[in-house]
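Two complexes come next, and they have one chain in common, chain A, joined by chain B in the first and chain C in the second.
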Partner chain A sequence: MKKSIRKCLVALLTCSMAVSLFVGCSKEKGGTAPDTESSNVNNTEETGKIVEISFPTSWVGVSTNTEWFNDRLAAFNEQYKDKYKVVVEEIAGDQAYVDKMKVLYSSNSLPDVISAGGYNLIDPMKDQLKDLTDYIDADWKAANSEVCWNVNSRDGKIYGIPYSRQVIGYFYNKDLFAKAGITEPAKTWDEFFVQCDKLLAAGITPVSMDTADSGWLTSLILGAMVASTDEGEQFMNTSLPSNYNTPEFINAAAMIQKMFQKYTTSDAIGGKYENGASNFFMEQTAIIANGPWMVSDFYDTAMVEEGFADKIGTAMFPEGVMYNSGKIGFHIASKTEDKLNASLDFVRFLTSKESQQKMLEMTGDIPSDVTVTSDTIYPIINEVIENGNNAARNINDFQSLWYANVVDEISIQYPLLAQGEITPEKFAAALTKAAEKN
Partner chain B sequence: MRVKKSMMLCFLLPCILLFALIYLIPMGIVFITSFYDWRAGGVFHFVGLDNYMEAFINDTRMHQALKNTGIWALLQSIVHVGIGTITAFLLARKRRGWKVLRTIFMIPNVISAAALGVIFLNVFNSKYGLINSFIGGITGKDFSKNWYFDQNTAFLTVTWSWLLYAGLVMILILAGVMSVSDDIIEAAKIDGASGFKIDLKIRLPLVRNILGTCVIISATSMLREFELIYLTTNGGPGITTLNLPLYLYKTSLTDNNYGYANMMGVLLIILGIFVVFTINKLFRMNESDY
Partner chain C sequence: MKNKGIVVAFQNLIRWIYLAFFVLISIGPLIWIVMSSFKSNKEILSSAFAMPGSFNFSGYKAALDLAPIFKFYGNSLFIGFVSTTLNIIVVSMAAYILARCCFKGKTILTLLLSSSLLIPTSSLLMPIYIIMTKIGLYDSKTGLIIVYAALGLPASLFIIKSYFQSIPVELEEAAYLDGAGFIRTYFTIVFPIAKSGLATAAILQFLTAWNEFMFALILTKSTNARTLPLALNYFTSQFSFNYTAMFAALAMVIIPSILIYTLLQEQITDSMVAGSIKG
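Moving on, here comes the complex of A and B:
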């Protein structure tokens, strides 16, 4: 008797172990989306009426868009509670988000809706992204500026739905400028460097720079320097450039090298955006290049001293250069018709006039819909928009246009350039070599 | 007790299935696709040994990554294990406070790599880092060195992130040393052996297998090291601190070149097997002197 019970137990245990193996590996019948999120989603869909869609987002934690997104998500779920449900996966950081999407892409399991914070996923993934051209009606198309559709399209097909524009110049500390005897922002790069010398003479470190991640602060200045000529402006509006061995790029790299060696903080090499921003907030540097989403931080007394925002001025880059372009928006990779419709409704909701207005008010992101305005935004944001409207040269953001591995390469080449280990020519050659790998 | 073969198979089956599903099949796929040009955008065609030829002949990054990985594996096998072993033998003498010291020595091993990376970035920060402040305090002059991003110091600074923290080695060797029979030690003492001689001639040979295990663990950990490099230098400046796992990651996720990345995966597996086999032979594992 005892022996048979033991045998039964052994058999039961063995079976349960074997079954448990397959539980985690199960996949819905006939499904085309093998990721776990989607698997759960389809089960619900088969049994109920509510269509669930997956949306991984980096709008979490300290992201400036978190509050806006939570507000919009709650509103969408409320409005469509009998029809759709959005399953949100939180991924902290844009780079981590992009990496995750690449992994999902390689296994053909992209989520229903994607928004990569402006990173270009269209070129490497467009074979799995929905061509949305036929779903965008005339009203929807007319609501957004042409530059926004351009950056989201390839060969006449729309792969992304825009929600904001990139309008980027630089911010400067008026008090520190006054202390150095500077009355207004520089009009040319020569004048810019004269002002840097004046700031140095007054004991002020001129510019916040960084090298980590994509070297965002530094690369913005680099791009603006490149775009100071007609050829450079064209280069900065070229999608996926493969040759960086151009005179304008090499000249810009030489100026960046000079800035690293003379006009920035010692923690810029290896430093992240946060280090550069922190130096500017603590008034240790006088200039920082960035977009209007930073403005809300100028009023946040947890980060800056009371009244800090009053000291801040906005400027175009020398030679009238501004980053003024569309931003890559929402992609859809749904594999079934009902999920596609749900995803379209979700994206339509997030890019509606109401959502864009809330985004402008809550985050400072400039809407892609040029008719959206607000009286309740910080005045500094309006100044940035005004600069964008008056810029002589409008260029696109390097993260949207350059190959992802070039953006990564630039970050590991900056320290070498900064320390004089490589020449600007070698810097340009290294980026060209990285681009050629694609 | 006789065990039925069918019963053995029943118990082994889950493990075999698990191994096949999670390791064997993916490893097979990695091996096969390492002979393909496989990139994002649907590119997938057979290229034979092209990936391997490119890696060994033209790819300077690959050469640097292999060199760095090799140096780190060697340093870890000798210096890291050496530090852990010496510490274990010192602690085994059970002088006052040895338990506290043992715990303190283990602390870096229980901190996550992500936290360690951030800690080290701050400790070695050029502007407000502890090291620069300390040197400045001693010399009385402002000292600024960008340890992680100066080409001359980056490799050593990254190496510092793991080389000295041999808590795991120490705890394994200590367990081995403590388990050496008192009778043998007593006999050696009666024969007039000093403490140092007992350690060198009796205890050390008796823990040879554990020492070999520690060397395998330490050397192979360098074939997997990723987080600390990614979080501190990301392989830079330039390619100064690039190793194979990081290069594999970048090739796969940044360059979207999956075939070439899988070739590196195959190289890592071969390297791992080679390291385990060589150390097994060197330490004559599974053989006993006594």
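Moving on, here comes the complex of A and C:
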């Protein structure tokens, strides 16, 4: 008798486990939970005539675009308050943003408007992104430079709407250069390494580098090294390359290995952008490769000493190489016509001349519309633009060009390359292997 | 005699050095975080281990301005406590049955419940996201509570089951002899005795919920359901950072974990010792 009661209780307790979980679910469904059927499958809901669109953004917190985006969002909501409502999801952190988009893509529930801050989501997700070719009229197309449309297009179809250009060279500390007896930036990579030796001899670590988060600082130098020849320049303008086993890429990897081992700080291996930037701000390194969006930090006395900006010079990479290309912009993945129209109006607003001018002034990001200028920007930004205009070789950046998994693979391979655990040939082979998986 | 004194003094010295080393590596990082939260970005970058030039709370103000910390804090506390309670109540009942009763399929059931330890979190993301959206729990605290309670299931089951097995079965037999039923025996005899084991599992479960990032990111979209680990991302982005605010936020984030561990550390130690000897 007792045994059967115990058996019943065993069954009861087991059921209670399942039921308690089930009750937890059903309670919320009838209670305060949002209508997720509409908010996640369609990602929006319509109230009357007002069309809601969803826009997850990483332009929050300390992001350089936060102030600009908040300003533009408020202006859009004011202008279109009777027509549209933008539901913003804050996703702090660029990598977190990409990770979430991957999960939403896998479950076919991408939001209406996406902007991944230059990360290439077109190739892995283009089957769910809208082909915008028919929605871009001649005026809109003419407003942005051709390179900006190229990077946002695949097979003649437009999947992204540009808002800024990548014009990237390197910044150097004029005081540290003078201390090492260097009068002007190097014209060739041989001269660059001679200058690195001079800096070392003067007790100065030459270059800020990193390996984490796709090793942005390092990869910019790597790409510039690759592009020093005609073949390399072509490689750095090729979308989704699948073969990295080329002489120019292997040579560049060898130079990067040498730089890791001799010309950078010890925290470069495993370090992120902020480690490299900190070293440059603290005048512990003399060179950093990056875009003009970091210029405002040169004037921020919470980051740097007073007058630091006056010490900073801008340069093209050796052999006249500059990153001078479009940047991947806004994607639209709306599933209904009215949401698509609302998304297009929202993106058109964010990429308008007025918005791009504000972006230039507030963030230092260079507009995709070449006619947009401003008199109120830092002079260093104008120097960068000028370098871009005078470059002998113009290339695109790796984040926009290469497969997403290749970009991820770099962070795994850089530390191995830096520590001499793999050869430059093996480094190139590892990236090729990653590219071939696509 | 004199030599013996020297040996004792030497042993004490070694002991103190040993203890000081562990105190340093345990408390050092926490003190460093709190100290850094009072320094400017420039001070952190130029002299990471120096004392702050002045103690001002601008980092804390910046942290609160940049991210909805208090909102996330409240969410984290609520989700942490509820998921812990749910986990402990449900798992302890299951663990008791698995520890005490013999029935067909018990081994398979135990293995099944424990096997989720071996499944990588990244592979669970998409299925759980789809389930949560389908059952209407996306972007809700309840969704996260259920997921966290389930995530901690194998660890809690392992700890609590081991502890139940260490309790002499004679205590329960005595209760039955005195006329107590199965449920009364469980709640009035076994449950109180297993307090230490339950506390250990509860603390680990709470810390799991408190620190989890990926599910909080994927399963929520509004500040109403988001938790503290997501707030820490507000202070660094690809090309900008505010270390002072980040350390201030970190100082605020780690306090509950430390408090809970400090208040309940005796329970944890007792439970660990009991489990290791009798389990």
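Just so we're on the same page, the second predicted complex is superposed on the first by the 392 of 438 C-alpha atoms of A that agree within 3 Å, B and C clash if a C-alpha of one lies under 4 Å from a C-alpha of the other, contacts with A are read in each partner's own complex, and residues count from 1 in each chain.
FYI, contacts are C-beta pairs under 8 Å (C-beta built on N, C-alpha and C of every residue); 3 or more make two chains touch, one makes a residue touch a chain.
As the structure is a computational prediction, the values presented were derived from the model and not from experiment.
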Partner chain in contact with A:Q419 - chain B first, chain C second, else both or neither: first
Chain B or chain C, by number of chain A residues touched: C
First (chain B), second (chain C), both or neither touched by A:T265: first
Chain B versus chain C as contact partner of A:I91, first or second or both or neither: second
Which of chain B and chain C A:T133 touches, first, second, both or neither: neither
Chain B versus chain C as contact partner of A:T211, first or second or both or neither: first
Contacts of A:Q79 with chain B and chain C, given as first, second, both or neither: neither
Chain B versus chain C as contact partner of A:S106, first or second or both or neither: both
Which of chain B and chain C A:E274 touches, first, second, both or neither: second
Residues of chain A at both interfaces, chain B in one complex, chain C in the other: 10, 14, 17, 21, 25, 99, 103, 106
Residue ranges of chain A touching chain C (in the complex, touch as defined): 5-7, 9-10, 13-14, 16-17, 20-21, 24-25, 27-29, 32-37, 39-41, 56, 58, 60-64, 89-94, 96, 99-100, 103, 106-107, 109, 117, 213, 216, 273-274, 277-278, 281-282, 290-291, 293-294, 297, 301-305
Contact footprint of chain A on chain C as seen in their complex: 40-42, 45-46, 66-67, 86, 89-90, 93-94, 96-97, 101, 103, 125-126, 129-130, 132-133, 135-140, 142-143, 145-146, 149-150, 182-183, 214, 217-218, 221-223, 230-231, 233-242, 244-245
Chain B partner contacts - residues on chain A that touch it in the complex: 10-11, 14, 17-18, 21, 25, 99, 102-103, 105-106, 124-127, 211-212, 265-267, 269-270, 404-405, 408, 411-413, 415-416, 419, 421-422, 437-438
Complex contact set, residues of chain B against chain A: 7, 10-11, 13-14, 17-18, 21, 40-42, 121, 125-128, 144, 146, 148-151, 233-239, 250, 252-258
